[in-house]
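Both of the next two complexes hold chain A, though its partner changes from chain B to chain C.
Presenting the complex of A and B:
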């Protein structure tokens, strides 16, 4: 296989899962929500994209629609779920994802059931080679990633993001300060689901198909590994985690071709994933990157002002 | 024409399986205060150990059940001591504990996959099917119902009449007070994890014998089992009995309904998920208020 194409492919995957990882970071890292059904919103985005592109809508509309519908579902799920404790929310959303997968699996008329349907790529240039196609995909995915990252970063440093962190730390204290936890949590779930929906659309068009087997609960937990490894409540950490997990994933696949191991590498990979996550939780619960401190204009001014006074004195 | 007697009987079979699987989950959930998703893999592990003992060594089902109970119980305690207890001592949040249990599930599931491969295995023992009136019954199902009955009586005796059972109930409802009264709460938790994981293994064997054994055997039924634990009220054994049969009934009547509506019967598993979600939203404490807390 073309090695350059392999690298491009890896870059696209890092981008797509970077978006999902950012969205989970928003929900878990900042708002403290245990979304164990991330894959459900990824699925909604992917199937929306697939179905809308079949009736001939342009790709950007399909992507936006995927994000919107996913956000609506995020809101619907959040309405009852916000009253639930963290563990109940996790189980409820996990079950929601499984129900969705069951529906797309059994309803053949909707999207081909078990066999899925093919999806045309978003931007297809006439006569382009695979490499060019991959480059176009990289551009598209990283454009979306850039937007999501900017939104997440702005949010993290805004008063809004600080209120979210306050709710995560102590719901009751935040509520006494007039911050409605239900509103903030619902919005976090909505925004997170929208991002996951866009990523799902990108995924569907990149792989040229959607099938129920692509949306196993496994995806959710891979994304959890990314966020926990990189560092919750740090958007750079979410991206770093996505990159590390994807590279690790590819790395073990390459190792499989060159070494003979006593144990099947695809099993070994998940065993190592599991061990890694337990290790991180035990010894580095804050992930590789610490929670990012808040950066605002006022803080910067205050810091610079103090320094300039110090300079004058010396 | 629907054979309602068969539907009721099948509900009893399904309910028995879910009960055996859910008792351990609900007790450990109540004591350790987090849902252990690796419970699914305790079931899978049990199914494979059972297969190994009953088929590869040819020692029969009763011994397979016993060996699987003991080994899986031991694995459960080791997992608790090795992973969850240190995490809890470091002040990990409930979300971290849940993620850790999923990670443990990965490790167990894929270790099993590495040891036995992912090819489905089948118990070769043929369970004689016979007709009793309008019912079609297999020997395995009778075993399963018998096991659930024995389990219910044994657990009732354990929880109500023994010192350890009372300690489990005390630690579950108020850990601090139990500790202050001189109960070794850590030991109580280990014993509960041993029993819980062991019973999961028993459920895994029955599930494996009824369908097939593969590394996802446990994960296939983990959500219905969560539904039983939550509908019954977490940590509530008597609630779990009622919930197991309610969900068994709902699934089997649901299948009849699905066929009548012309929908795919793959939605069968969805019925339990739906009950799970509705319970969580409408009545997260489950049926607990209806039963004595245990």
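Presenting the complex of A and C:
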């Protein structure tokens, strides 16, 4: 196989999972919500994309619809989930993801059951080579990533993001300072789910199919490793984590194609991922990049030019 | 007492079989400093938490500006202008001192999701003004050198000061202060009370729990003494000092 295609494939995967990683970072890193059901919203986006593209909707509408429907589910999940404590929330959404996967697996009429749905390419250029196809995919994925990253950065550096972090730090104190935790958490879950939904649509489109087996709980844990490794509450960290984990993940798959090993490295991966989580939490609990501070124009003036502000006033 | 700012009527709150607050009624009028004293475990903090909406009262009613606030969530009570500074500081330790102050800012346009993404101009100007206010308050409590440090790096006493400063930042009409001078050196403690008195001229009313009676009695215009979940005595500080029951409550039975 063309070695360049491996690289392109890796780049696409980093982009798609970069979006999911950003979305979990928004929920967990900034708002402190332990969403262990990330894969559920990824699945919703992917299946929405697949079902809608089957009836002939253009790809961008399928992507947007995937994001919206995923956001609605995020809101629905947030309603009971916000009454739960962090650890119970984690269990509840984890179960939600598995239930959803089992539904699409067993309801053949809905989504093809175990056989899944075949998805056609978003943009198919007549007679284009695999390389050009891959480049088109990269452009599409990174366009979406750019939008998600911009949104995440704008939120992180705004009073809204400050309120989210305050709720993460101490939700009782934030609540007595006028921040409705129910509202902020619901919005964080909605936004995060929307991003994960878009990423799911891109995933379906790129792999040309959706199968229940593509949405195992392991996806959630992989995304958690990305965020924990890169550094929670740092959007660059979320991207860095996604890149490192994907290089490792796709890398072992490539190695598998070239070398005959006595064991399947994909299975070894799970062990290594487990070890990696323990290692990161023990030795770098804040991840590779530390939490980004809030940067607004006014704050920058206050931190740097404090004296000049004061002099102007007096 | 028609125009009482805060009116509490027969409020009780129990945990299991223990009545932490047992039929408390009191009124707080506009302006000045009102004190609440009593031995440890007499229910002062539980009363505060009940007023704030962190506990729902088992019985009785709480009125703020004549409106019953029994069933409001804490963030709605904040919106009405009732704010609290906790006894054990509950700061946002990973955020900077200035960010801690700005979380408390009232009516920040950027607190809304839509504004934070699409109307950035609108709140950025506002934030400049809010920062000026925050710096003024931080200067009062001598924290202006630490504006950009994480709140987690402050010492115990400084955390306490930031907790009080954050309460002031919220521009309340009534600020509940739970032992603002505890753990702070006497000179600064007294200074804080002087500043509070200044703020009370600007329309903030204070309801203060404090064990440093000599400071509290100097500034308070009315004092409630709580014992075993009830209001035992109430009156002007000079009358409280002269009341023998007060000594029994504080120093124990003979």
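Rule of thumb we're sticking to: the second predicted complex is superposed on the first by the 291 of 314 C-alpha atoms of A that agree within 3 Å, B and C clash if a C-alpha of one lies under 4 Å from a C-alpha of the other, contacts with A are read in each partner's own complex, and residues count from 1 in each chain.
In this text, contacts are C-beta pairs under 8 Å (C-beta built on N, C-alpha and C of every residue); 3 or more make two chains touch, one makes a residue touch a chain.
Worth saying up front: this structure is predicted, and the values here are computed from it rather than measured.
By the touch criterion stated above, A:173 is placed in contact with chain C alone, chain B being left untouched. Once the two complexes are overlaid on the shared chain, A:254 sits clear of chain B and of chain C alike. Applying the stated contact rule after C-alpha superposition, one finds that A:4 touches neither chain B nor chain C. Look at A:151: by the touch rule set out above, it reaches chain C but stays clear of chain B.
By the document's definition of touching, neither partner reaches A:110: not chain B, not chain C.
Applying the stated contact rule after C-alpha superposition, one finds that A:128 touches neither chain B nor chain C. Of the two partner chains, chain C is the only one touched by A:161; chain B is not. Applying the stated contact rule after C-alpha superposition, one finds that A:139 touches neither chain B nor chain C.
Looking at chain A, you'll find no residue that touches chain B in one structure and chain C in the other. Remark: chain A residues 28, 32, 34, 36, 80-81, 83-88, 90-92, 94-96, 98-99, 102-103, 105-107, 221, 224, 228, 263-264, 267-271, 273-275, 277-278, 281-282, 285 touch chain B in the complex. Across the interface of their complex, chain A is touched by residues 52-54, 73-75, 77-79, 83-84, 86, 90-96, 98-99, 102-106, 108-113, 115-117, 120, 123-124, 127-128, 130-132, 135, 147-148, 166, 170 of chain C.
Within the complex formed with chain A, the residues of chain B that make contact are 34-35, 83, 86-87, 90, 92-96, 98-100, 102-107, 109-111, 113-114, 117, 223, 226-227, 230, 263-264, 266-267, 269-270, 273-274, 276-277, 280-281, 284. Looking at the complex, you find that chain A touches chain C at residues 151, 154-155, 158-163, 165-166, 169-170, 172-181, 187, 191, 233, 291, 293-294, 296-299, 301-303, 306, 309-310, 313.
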